[in-house]
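Structures are listed in the sections that come next.
Here come two complexes built around chain A, the first alongside chain B, the second alongside chain C.
And now, the complex of A and B:
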């Protein structure tokens, strides 16, 4: 399973609704897909994948987590660098 | 002076709109003229179905100027809930900023309510006098609905007198200087957000920056927002900080002078994290209830150290702690918290029976458990009330059960709170269904979505064989929650329904 597939699965498990199929281009923030609880859970999911706590002083979530694909790349890059 | 036209500016950082005093005065005069043209009389109730915008505050002032009473309505309520509240409170007017669904509009009109759409009102209405008329302190000013949106609503009624008492006590305890540029990201249908975070500074001529409540993308840029607008003060709830600290870089310009946190328990650990993020030690924990016009005590204590349960000193209130036998508790001994304050509500709307249950000799039974230490500082230890505190917003299990029990295939239900890492508590529900199938639950879920506001929707659903009750038919929600904690919740949201199709 790719990171993107895992991510989409995870977003579905958060119970977010009303937007139909989630694809790589799905916008995470501007679409209203993420409510506060889903975002909080997503941060925990990302931290688990990258193995370190997220540092908000070095990450602009709105810019770097704009879409499912962008967040997947974020996780892939950080996972690689933390190994 | 408060309650006059000398208010601060209104600013919406996300849209860039800024209304100065002159604009506010002009717009308020136009809304006054529109209400006069529609026949608003002193004492009339007005449901305002929008919030967290410049227009909301102007609407409030306009209704007050004509002697009307405002009920800010949660815009997330379903048409069913709006109809329930309208039937109960019998507003003379309901106002939206844009036209609502036809179903909502026809439901309220069917009840004889005059429905207004603010954006469609003629701007050419004869200009009203911009001169502010003194308000009668005895007159009802505000109704805040705290529960019963699906059954028998509980509307907390405040007069201009009780609100003014709250603002004066806050001014005495906190002053206004630190609130020069106040950010409000709490809902304006919420006592804490409206009375304390927004109206208190604004009516003391401080500028009010308003944003949509609890919006994730806004919270991820909270530090930037504070820096850009040199925000000096904001109030908040613990859930907001859990998310902001995780996702937003801290402010860099040291503009923040004070932060208040309230409406839900603030742990000592999170408290210290907020101090560190905000760059100020002036992070005060505040305690209040809608019935007391919100904040009645807080941490105005020199050199305090954050700790679990610490609230601090009363703000315009007397506090007493009563034990199980009705006796006064000793210092440090926990008991029920009773308060006496001039900011106490007039009562629950048309529910004198409920008012009598909680008000005795001018003292109000908060339903919270706490103690006072040898320094006279108030500590909270728990609560007796059956409410779920979801990130500061109170959700009432009876409201949820009342909706689910109307669904034919549901035999019994028990909703309850469970621990949640972001909100502190979230909503779970145990359901006895017949037939006990996934399809029944999917239908019940859709039924609930049509009748419950989004924040009331149970997140975890459990299918159980029976819900234990006492001989008097009472359910022990804590025990049901404990039983469900050992079970796996049914995946029942829209994504699960799609997957099963």
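And now, the complex of A and C:
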């Protein structure tokens, strides 16, 4: 399973309404549908994959996590893996 | 999952009872206490005549709220003042979460702030969830606040046991109001403080405190305006207890404000130094000494923007980093956002000073709703 597929599965598991079919281009934040609690879970998911605590204030969330593909690339880069 | 017609509206007094009920998810379970807090923070705010509060309605019922509390800041050695609303009190009823309400309420609030001709909004008390929601909407952090704390020294074996058993520590530590009671008793009995003319009070002295602030040199960093109107309003927060240590008579040479949550509230064992000012280092030292005589379960202060003398003083009194897991994630921190989206990619400055440089801030817990 690729990081992107894992991420899409994870977003589905958060019970977010209204995202429709989630693809690599799906906007995570401009849609406004990921509420703060889902974001909290998302950061925990990222931390688990990269293996270290993440200070989210050091990340430009809009630019680096804006879409499913962008966040997948972030995780791959930070974890040093390119599955 | 709840469904229904959602809309975002400005606060009107007719919706207050419902709003106070929704705030039982965030503020307290006591609706009367929530009412007192809302009145203090939004209806009696010295900077906004009308509450800047937005509500999410589902089929006409309040299911969410975002407030913007008025706050007046200053910057520069010949200070320029400006109003930057303090975004706070975001709550969405559990059954309406993950439907995009956070973003919609925040958007409506920003539009109204823009309409009032203001440029930036701040948040100095976001927990991790609000922090993340804010960052996802373009907020940025100028940096953390550097919370440091001090616990009374206990014999080493006892410390080791307490550190392993949070349950025991909670019950064996001195409750915060008990610690205030100890200071109160010391004051009533005419305690010998380390400097003369020191006193402890349950009441602020807004004019005298503002007069001291006006006499102290300015370094030009961003800080809240501390005038008599501000001091007169600030300490009426019904969710907090305060004690004021003063040095001086009618004209103050120093003060320290101690704050805790009333007994029974979460975090009520912690006492915070929310403001600390003096004309010289000796008086600052004496104020800290007096506070330490309270033997609080934990005494905390934000130190990130302090000068070397104050940091050294705290180190010598065994203050050290606390809440390190949160601090590693930038909580609490100074969160900022321009009101207009077209300014998101610009360099954020006010009167030539960069907002995202923590060195440009003189940050005290007083300015935050933590205080």
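Just so it is clear, the second predicted complex is superposed on the first by the 79 of 83 C-alpha atoms of A that agree within 3 Å, B and C clash if a C-alpha of one lies under 4 Å from a C-alpha of the other, contacts with A are read in each partner's own complex, and residues count from 1 in each chain.
Note that in this section a residue touches a chain if its C-beta (ideal position, glycine included) is under 8 Å from a C-beta of that chain, and two chains touch if they have at least 3 such contacts.
Keep in mind the model is a prediction, meaning the values are calculated, not measured.
Residue contacts after overlaying the shared chain place A:62 against chain B and chain C alike. Look at A:51: by the touch rule set out above, it reaches neither chain B nor chain C. Legend: residue contacts after superposition of the two complexes on their common chain; A:12 is shown touching chain B, with no touch to chain C.
By the touch criterion defined above, A:31 reaches chain C but does not reach chain B. Touch criterion met: A:43 reaches chain B and chain C at once.
When the two complexes are superposed on chain A, the residues of chain A that touch both chain B and chain C are 15-18, 29, 34-40, 43, 54, 56-57, 61-62. Residues of chain A touching chain B in their complex: 12-13, 15-18, 29-30, 34-41, 43-44, 54, 56-57, 60-62. Of all the residues in chain A, the ones that touch chain C in their complex are 14-18, 28-29, 31-40, 43, 53-59, 61-62, 65. Those residues of chain B that touch chain A in the shared complex are 214, 216-217, 219-221, 223, 239, 242-243, 245-250, 391, 420-423, 426, 459, 491, 493-495, 499.
Of all residues in chain C, only 1, 90, 92, 97-104, 107, 128-133, 135-138, 140-141, 325, 328-330, 333, 344 touch chain A in the complex they form.
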